[in-house]
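Listed after this line are the structures, all set down as structure tokens.
There are two complexes below, and they share chain A, which is joined by chain B in the first and by chain C in the second.
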Partner chain A sequence: MSANTKVTPRENVWRDLPRNLWSSIFRHPLPSSELGQAQTSFTNFFLHIHPVKVNRHTLKATYTFGLGLISLFLFIALTVSGVLLMFYYVPSTTQAYDRMLDLRGSVAFGTFLRNMHRWGAHAMVAAVFLHMCRVFLTGSYKKPREFNWVLGVVLFLLTMFSSFTGYLLPWDQLAFWAITVGTAIAGYAPFVGDKIKFLMLGDTQVGQEALLRFYVLHVVVLPMVMTLMIALHFWRIRKDGGLSRPPEADIAPGTEAMSVQVIASPAPKQSFGLMGIVRGPFTKVGNVPENTVSAWPHLLMAELLVFVLTIAVLLVVSLLFHAPLEEPVNVMHPPNPAKAPWYFLGLQELVSYSAFWGGVGIPGIEVLLLILAPYLERKPGGTGRWFAKERLLPNTLFVTFAVVNIILIIIGTLFRGPNWEFVLPW
Partner chain B sequence: MSHPTPTAPAETGERRHFLAWVSSFALAGSAIISALANFVFLKPRATYGAPSRFSIGRPDAFPSGARIAIEQRRICVAREGNQVAVISTTCTHLGCIIGVADTGFACPCHGSRYDQDGNVTAGPAPSPLPWYQVKLAPNGDLEVDTNIQIKPGTYLNI
Partner chain C sequence: MKLPLAIASLVVFAVHGVVFYDQFFHKWERYQTAYFDQVRTQTKSDAERNEMNGRSPRIEQIIVTSFGDSRVDRCTTCHIASDDPRFAGHAQPLKTHPYLKELGDVQRNGVWERRHKFNDFGCTVCHEGQGRGLSEHYAHGEDHYWPEPLLGYVTQEPWRKDLLPGLKGKEYMQAACAQCHSEENFAQTPVLNRGRQLFFESNCYGCHRIEGMSDGVLGPELSEAGKKFKIDYLTESIVDPRAGMASSFMPKFNLSPADVKALVIFLKSRRGVNLTETSLSVFRSRLHDAASVSDTKPVAPGAADVVARGKQLVEDRACAACHKIGDKDGGIAPDLSFEALMKDNEWLVDHFKNPRGRMPDSIMPAFKFAVADFEAMTAYLATLKTPPALGAPADTYKALCARCHGDKGDGAGPVALYIDPSPRDLTKVAFMNSKPRDRFVASIQKGVHGTSMPAWEKVLNEQQIQALLDHVESTFVKEKRRELKARKVPEKNPVASAKDSIARGEQTFLARCTGCHGRKADGKGPNSLDMLPHPRNLRNHPFVASLSDQRLLESILYGVQGTAMPPWVDYGLSQREAGDLVNYIRSLTQASARPQLRAGR
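Then we have the complex of A and B:
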């Protein structure tokens, strides 16, 4: 070593340790320039799901109401509270109910966590449904977002199935009879109904096998499938050009609309540069003024706000209202009336008129119509606006379906008493 | 030894296309069969719950004219003189346990009512109550098999 080589003084190692450690984890300081803001999306694993720039229209609260984000944050809250509850839960018909009492009596925060999980699950079913309404009523599923809508419908069904499988786990009267009734509805499917029911319950009746099966589905299978589907759902939002918006939202205010002609160059034969692969609405050509802002901080702050609000409401509700826990399962004494979970009470109401049509026919047609909707409504236009005039017919049909389902759920929940006879809730 | 004449390009393409098609078919087929195998695995060969074939004791335990419900087994034993029959007490509507009433059966969940033979008389139940096979076992006990449904109205003569 030559004498004039600079040796870092020993004490600097320690003095600089915190800074070195920090800068090895976070590649850039908090952004102070546009470049820095862009780098957050590029270099941070947790932020790289964001685009660098986001259209102003996407951040309008009255456009999305943050319903997709609320669904995601509820999913995360449910995962966390669910994993914590798993530490004390045993999926056994002899122990499950006692564990519920233990949560109440001897586990720190036990009641609170159970409340969070219960209300979060109900809220998630509602949030995902409302999110679906938003996407439909703003015409957001139109080309090129058809398949992401299909993924969304699948996520909606998975959400309901997750909630349904969780319903059995407390092993109280409410759980037992709701699942007895719910799986009986599934049993009305033609040809395969009984087989599906047997496969789901692992037996002819709800018992230990059903509890174990529902538990495995609820804590492993469904969350894993949902996580994958959510990742796909988000990936496609980016690849489909961000959230849907009307064409005029792409033009910055105060600038004149100018048409940009993109001349397609012949596709390269051998290798692809980035611009050879990139296509669609996120290709920026020339120096067109954009109506965008940086994702950092604008999108992040919006997300943080939705997160804080969602969690705050969930915490307050969980502090104020306790999750129901009825008497332990008594196979001999069904409650009168025995009711499925509320989101299936519309179906149960229909089942009381016609078993096949209520349990299988109508819900089957509804799901099929939902999945096919973007492939049936091919007329462009009306995307990115609530209740667009051009989409009067599809919107009217959708609202009618939604309202009828909601009314059936309300009737089944509030207006049905013993023997499923009509009662007034007041 | 001379090399074989190279095949014409079109022919090679066709063969490759054929091979690709066959192997894709085989792979996809294996994947589908493996996926279906999961359902075979998930369908229990033996259930751990209540057995479907069981003894309900001597015929003498059921006096003539009595309709005795065995709730644990979800059945009702009906005896008329020398004749015995076993009727399911699982409601055909949504699977609740129904009770024996004066006029037949009544479901406490959603108000379905059945007559003495299990025919629906009121409520949302879509089908009559099934009758199960009952036999006299060699030891003189009545043996019921809830896996075997028989024609309603068929009694066992004892």
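Then we have the complex of A and C:
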């Protein structure tokens, strides 16, 4: 009571409670000035991953097509829908399929969640692949972004592995035989193939042990590793000065090229502290006329658009197409042909010619080449433009590899019938 | 940027609207509300009216644990009136499940009481379908992937419209009855019983194995046919055996649609383990009745006319489902119309008892008929002595040879697919011109042992055979015979048969012959599939025994022209090694002949 008497008459606890609460959570009012925008970005946890200012080139839709963001948003959508599905799923060979039937029949929104998760997973594999194509074809992995490319390749592999492990969980014929085929491909590795297969399955064939392993990998291990990798991926984007762009994108139209030289002035010793360590051309030193706009609202609006578009497409697809659920597992009755998930059908097609080269040799070489690409292509130039003339050779090689893989996947998906014989899909 | 953002947001909201609508306005809620309304208006008791006022739609389910794996049947969510006798006149889904005396329901004081109470049995135990589903499409099993659609009501793949009407009907549920009422001739499953009878009457059991009933090995095992296959597939497989698998040699039986249905219901009831059995009880019963059941009624001995009985048996047991007898032709097996001219009684009885004893690669099932039946059938076949009317050599060939050797003489006659070793391709010039004419004459006159080539000497005389050979040479071989090279092959095997010779022969065989003839010398080596004619089965004892040492040695050393058998002298095989091989080959058939002959007695 005594505390109450000390309150100055101008302050009313109850009347001001909402405002006090609001301003304690959001330190700044909706920004109206550039300073406010910068402050908001800087102090908000969810926004601080953004730079305060962002280059105009980065916002060009035809440069990135938002593919990295689409991948991220799909990852988030998959996490949310996946967690909701986990409330109903039991990784047991006797219960898993019944749980699928329950999800389809009687769980509220069960069908829709499953559809979202299924199609989202397929879309994410595709989006991550296209994102990788974008980064390669614009030469974005050149110095200093080499290692971030490596992280990206690892994320691509993790995405495929996540999708693959999730494939088994419905425990229907499709799941069982796709994983049987997929793990058989791993078994073709020399010397360690059988051991790898046994490690993945916990048994000599797909069964309860494999289901439990794939479940744990799918819902705990892989998402955690991927979250960490995504954080590293983003951190490096910031530290490397934002997205790649051609050197001329840093010069505002109508300004003199000479202003770039100002950047080269030595970093101040005391007053800027940590900021002085930041390398690269984006150091906020001096009053450089940069070709930038505020991240708030320009970058945020762009991200919001990509988010809403991604979710809208995912929702519509999930509404129109149901995730397949085939017969309950019948170990004695393999479908003919038994096919791996579509993104591995290129490998399966290769395996049909040669088990070792298709299953291990060629994919191994391809992954190795992908990882080494930024260390093999050392010639500077051509960064930040699609199909730059200077990079004709690497681009041609990459496109060839990508197209061959896509053709193999198309053949494996559509043109292969019983006994893996060639059939026409119509 | 704002317009696409607005449109996309609108789409997001619209989809949410649709999904929420679907989620909160189920069809089954409407059915339940309708039921509550009707009961409220019909009932005379206030208590029930109040109860109905207090009820709101909810998922109803019956958890069935007594019949196999536990089931969750949510059928009564829509069929909520199934146990309410007031709704007998309503349309589905609000219709009372009929009370039927056949099901064991009884009427006491005007009130029906069910034998199979829904709370104990659920619905899918009898009806099948998917108990967990709540929409018609999934619950009734219309979903292509659900293995057990509602029996007799739902078919998933109307791929053959002509079969569709036959796939509907309550009778199909008898297959589910038999999951508990497995006793033979259970009175409430008449169609299923008829199917079981047909399984034996139509010789199905000769080829197909069903555990505890039959031991056929030629066709796929059917012990779990009901678990593996849906009724549409079963029906198609009986009506048109080659629809599913082009290489099937199952005959197309002429069954009436009602019989097909009965067979399908019987097969659909075969699911390995019965709902009332545990794996332990199955194991116990298997221990007890290890002796197999013979389900054919033995014919009483001493009946008036053995031949008439044999004829009856041959007709009843559908021999013409495969063989040709007079006008009836199964198109699978040899012509029996004048069998007495080609085979003696001893051969026939032996062949009945164990078809593979006389012809090791025959596909004829070993039927487990009574010996008296075999003798009666033999007696009937022994009366078929009328030789076919013969005309010009070309007509003779058509009448007698074309069934196996084909109209074009290429060994691809209509039944050739089922004959092993396959009929000789008479157009292979290299073979035809490398063997002396006497050998062909002998093959026609005496037949070729261990193969389907019968002895024609009682049908064709020497002159007719020569004319026939002329016809074959001029029509199919078409090339002039060349002088045969004289080869130095000893008449008798120069190497005496002894343990060490056989052991050496085995080593040579493993090194040189297994690629085509196989490790077991059964002619099924890894290369054999691509070869026509297929490599010889060297375990065919009647065939091997009928060959002279000289012919075996010649075939090994100088090859068989027109086949894949190469002249091994060119590959450095000595005469002594060939002699060892002959001893080895003969040792194989001597070892394998004994148990098979014993089985035949």
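Note that in this section the second predicted complex is superposed on the first by the 399 of 426 C-alpha atoms of A that agree within 3 Å, B and C clash if a C-alpha of one lies under 4 Å from a C-alpha of the other, contacts with A are read in each partner's own complex, and residues count from 1 in each chain.
We take it that contacts are C-beta pairs under 8 Å (C-beta built on N, C-alpha and C of every residue); 3 or more make two chains touch, one makes a residue touch a chain.
Model, not experiment: these values are computed from the prediction.
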item	value
Partners on chain A (chain B, chain C) - clash or fit	fit
Chain B versus chain C as contact partner of A:352, first or second or both or neither	first
Touching partner for A:301 - first (chain B), second (chain C), both, neither	second
Chain B versus chain C as contact partner of A:186, first or second or both or neither	neither
Included angle at chain A between vectors to chain C and chain B, based on C-alpha centres and rounded to the nearest 10 degrees	40
Chain B versus chain C as contact partner of A:205, first or second or both or neither	first
Which of chain B and chain C A:177 touches, first, second, both or neither	first
Chain B versus chain C as contact partner of A:78, first or second or both or neither	neither
Touched partner set for A:54, first chain B, second chain C, both or neither	neither
Which of chain B and chain C A:312 touches, first, second, both or neither	second
Touching partner for A:121 - first (chain B), second (chain C), both, neither	neither
Minimum C-alpha separation between chain B and chain C after superposing on chain A, in Å	5
Those residues of chain A which chain B touches in one complex and chain C touches in the other	333
Sites on chain A touched by chain C in the complex	98, 101-102, 104-106, 108-109, 112, 172-173, 301-302, 304-305, 308-309, 311-312, 315-316, 318-319, 324-328, 333
In the complex with chain A, residue positions of chain B that touch it	39, 42-44, 47-50, 52, 71-72, 74, 93-97, 108-111, 123-124, 126
Complex contacts: residues of chain A adjacent to chain B	177, 180-181, 183-185, 187, 195, 198-199, 202-205, 207-209, 331-338, 348, 351-356, 418-421
Footprint of chain A on chain C - complex, ascending	1, 4-5, 8-9, 11-12, 15-16, 18-19, 23, 59, 72, 74, 130, 132-135, 138-139, 145-147, 228
